[in-house]
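Remarks on the structure that follows.
For reference, chains read A, B and C in written order, and residue numbers begin at 1 within each chain.
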Amino acid sequence: MSRFVERHPAWALISIIAIAVMLWLVFAIWPPGLEEAIGRKRVFLNAVFNGITLGGLYFLVASGFTLIFGLMRNVNLAHGSLYLFGGYVGYAISTATGSWILGFIVAFILTALVGVLLQVIVFRRMEGQDLRQTMVTIGLSIVFADLMLWACGGDFYQIQTPNWLIGPIELPLVTAIKSSGEPVYLRYPMVRLVIFAASVVIGVAMWLALIRTRIGMIVRAGVDDRDILAATGVRIQLVFVAVFAFGAGLAGVAGVVGGTFQSLSPGEDIRFLLASLVVVIVGGMGSIPGAALGALIIGLAEQLGSVYIPTYAIVVTFLIMVLVLAIRPQGLLARR
Amino acid sequence: MSLAHDSRITVRPAALAQRPARIWPEINHPAAWIVAVILLIMPLIANGFFLIEIFASTLILGTMALSLMFLAGYGGMVSLMQLTIAGFSAYMVAVFGVSGNANISLGWPWWLAVPMALALATAFGTLGGALAVRTEGIYTIMITLAIGAAFYYFTNQNWAIFNGHTGINTVATPHFWGVNWRADIPFYYIVLAVAALCYFAVEYLSRAPFGLALQGVRDNPRRMAALGFNVNAHRVAAYAFASFIAALAGVLQVWNYRQISPGSVSVGACIDVLIIAVVGGITRPIGPFIGALIFVLLRTFALDFLVRIGLDGNRFRFLIGLGFLAIVFWSSDGVIGLWQRWRQSRRPAANRPGGGHGHG
Amino acid sequence: MDSVAHRLSAVGAGAALELRGVTRLFGALAALTDVTITVRPGERRAVLGSNGAGKTTLFNCITGDFPPSSGTIRFFGEDVTHFPPYERIRRGLRRTYQISALFPGLTVQDNVYLACRGVSRGRFSFLRPGQNDALMHAADNLVQAVHLSAVKDQRVAELAHGQQRQLEIALALAGAPRFVLFDEPAAGLSPTERAELIEILTSLPAHIGYIIIEHDMDVALRVVESVTMMHNGRVFKEGVPQEIQSDPEVQELYLGGGHE
């Protein structure tokens, strides 16, 4: 961090100012002039919270994508299909058993299993041919999309939020002051906050696992320099299968989350594939902290954009990607 | 042995005589002539449906895929935004020209709207290319896919220019010299002429210094820089050229359907262009057209066929996906590669072409 | 233009290649530390050192493949430290690669043609070369000079290793080179091919200087007039071949124990 400040004082200053402005906007009680200029604070706070929680969902999808890419140089364009598959599985299980948690577990296991099969049957045969692997994932995404359309139809599905998470929770953030002088606090859906907290926990756990455990070290070494892996005599194939399974499983879990937050339908696979692509391009390929930062930025940009400049919201996301590519093509937090 | 002694100036005539002139593409194969004649007299053979729905569609899609083939086959850059560039060009024709959405279209005559659309779409593609070449290799796919998807969502959201998800309808087509150029037969010839022009341009360029340099960049960018080439400038120039071809195809596309909507620039459609090029074969300019023919035939007849053999007719995309997977697994050179291997296996070693790479 | 006048005066002035305090870091690892080397026009020099001594990194810094982290590089008097590789090549610098860096999908002729084209105008030409194209002739001559005429229409991917090494050299000699960096040109060659290589190097026109990285001392010391020893990314010794060969420290470090 201090090295970053030393090397790029201007960028550090801009980021600090941006963060400070953001914090002030969140915590301060807005003066009337500001409310007139950009609207009510409640709208803004809701957009910010939606952005952050959406960022959590994006992180779940993108971290698996970035891990798989970083270690195996496999751009898994079927990642969106795994997301949607996980969502459908989660829906089926939670409606059949009534247990939301069980939906997560089964979705994780089944998508991870698909990941294992893909790695063992398909990708192992074309190791090192990144273009060919990518083509295969494109073909697979088409086949999967059509199979899921066949099985589930074109309807919208929404996974039922469990009772103990339904309803809003009051947060200690003041959105306005009533004429009586009584402050109004922000009310926000509990399920979104819980899921966000869970994704933070998963992210931190992943990061710790990467730093502390032996398999994490192997993965990190592989992300930095693939040739090292071959030289260490590790059973690379096992590591590859494990990482692919884990990344796919995360996509499945994200599908259940997405099915609870939003809804599941054909086309969502592509939407979340695109989100992973942009998040990973912005954050940096193969970097978990990068995926977290990218997910946060893109989630916020998307939600704030859709509130304040609705017809150009997608352009904001896209401009962020362009800006990052122009200034730091390897992504914000990538090593190289 | 004076090796480097200013080899630029010394000319040894002995080396000259053996070299055949490389001015024009080698169109010496009888099959090529037969195909050319059939394409020219097609309106005598085929009815309106076949002429437009099959052959004109094939040529338009083939031209789009050709622009991808040029980038991927010669430049090693697999760009998934070629359809997006074509779609942008189509939108621009509708926006600047005449259409049923009078509040959006500016009503320019076609001979002004089309050059404008071509120029803007080429600029759009070149800028996208300039972004994509900031990184290398497999990243290109991700960035161009992101650009394509962003454009799709943007056209859906934006009503001021792109008219949201309904798109722009009843786009006017050119009428001049007393001919309705969108009538089946004149339109077929326009499409054929444009496709042939693009095909020969790519074929010719592949042996010109720029095309050779591009293939050098594909094989070994670092060495190209060490030979004095500005690698990224060549890549961006390749994007510009390919964008122009895609833009031409986009103009034909919007004239063909007389409308353009986000559905025609969806991510699935972007990927279809890649599938067409890969299935046909991305090492030669003829590949995309073969791929397009297969794709259009499947799209048109798969439903009837599937129903006839007792399957669900809606599984067209499943079939496409499986076919694509099969090609990726078994032939890196698409169906042309398969056909060539089959031919070679029938004529073992007798006249295997040496160094036939890049010749059409 | 003034840069031309500047360059012309610089040629008279002295060094073909002048490195001052060049350092290259990879993360925390210093591959080169404070390297200062001066080479006269037409001088032939060997760079020796064990694996990891920084020889290839030195080449990459000179050609601009990896720019140095600090220090300056002058080529015939002109500061090229921040030039992209292609600008340096256009000024007459050339290099070969330790592992052949060719264009496997193109024919031998096309490889050499690209090398000639890279240092001339018309790199973006959309027109095919005609029958009287001067660059075509130049390429033909180079192909002939490295004894590859018989295979000139074959794709490079189909060539034997020795032929690829010869082509590697041809690519570096296209146009009008003023200074060439040879990175282990003899790697993997048979004794006959080595003799041929020595002949090629010694018969280069006198105005072309070069630096050669070579593990084979027989080859290295027969084609150079000066030697730079590198160790752990630093210049360790400089001198004429005899001096270096008889230097006890060098023998200890490299000639004796270097080959393990």
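Operating definition for what follows: contacts are C-beta pairs under 8 Å (C-beta built on N, C-alpha and C of every residue); 3 or more make two chains touch, one makes a residue touch a chain.
These numbers were taken from a predicted model, which means no experiment stands behind them.
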item	value
Central chain (distance from its CA mean to the mean of all protein CA atoms)	B
Pair of chains joined by more contacts [C-beta pairs], B-C or A-B	B-C
Centroid distance [mean C-alpha coordinates] between subunit C and subunit A, Å	48
Distance from subunit B to subunit A - Cα centre to Cα centre, in angstrom	34
Euclidean distance of C-alpha centroids - subunit B vs subunit C, Å	40
Residue numbers on subunit B that touch subunit A, as the complex places them	78, 131, 134-135, 137-139, 141-143, 145-147, 149-150, 153-154, 157-160, 267-268, 271, 274-275, 278, 312, 314-315, 317-318, 320-322, 324-325, 328-329, 332
Subunit C to subunit B touching residues, read off their complex	63, 65, 84-86, 89-90, 94-95, 97, 101-107, 110-111, 113-120, 122-131, 134-138, 140-142, 144-146, 149, 153-155, 158, 169-171, 173-177, 199-200, 203-205, 208
Contact set on subunit B toward subunit C in their complex	1-8, 10-12, 15-16, 19, 21-23, 204-205, 207-210, 212-213, 215-216, 218-220, 222-231, 233-234, 237, 354-355, 357-358
Parts of subunit A lying in touch with subunit B, wherever the complex brings them together	73, 75, 77, 130-132, 134-136, 138-140, 142-143, 145-147, 150, 270, 274, 277-278, 280-281, 285, 310-315, 317-318, 321-322, 325-326, 329-330
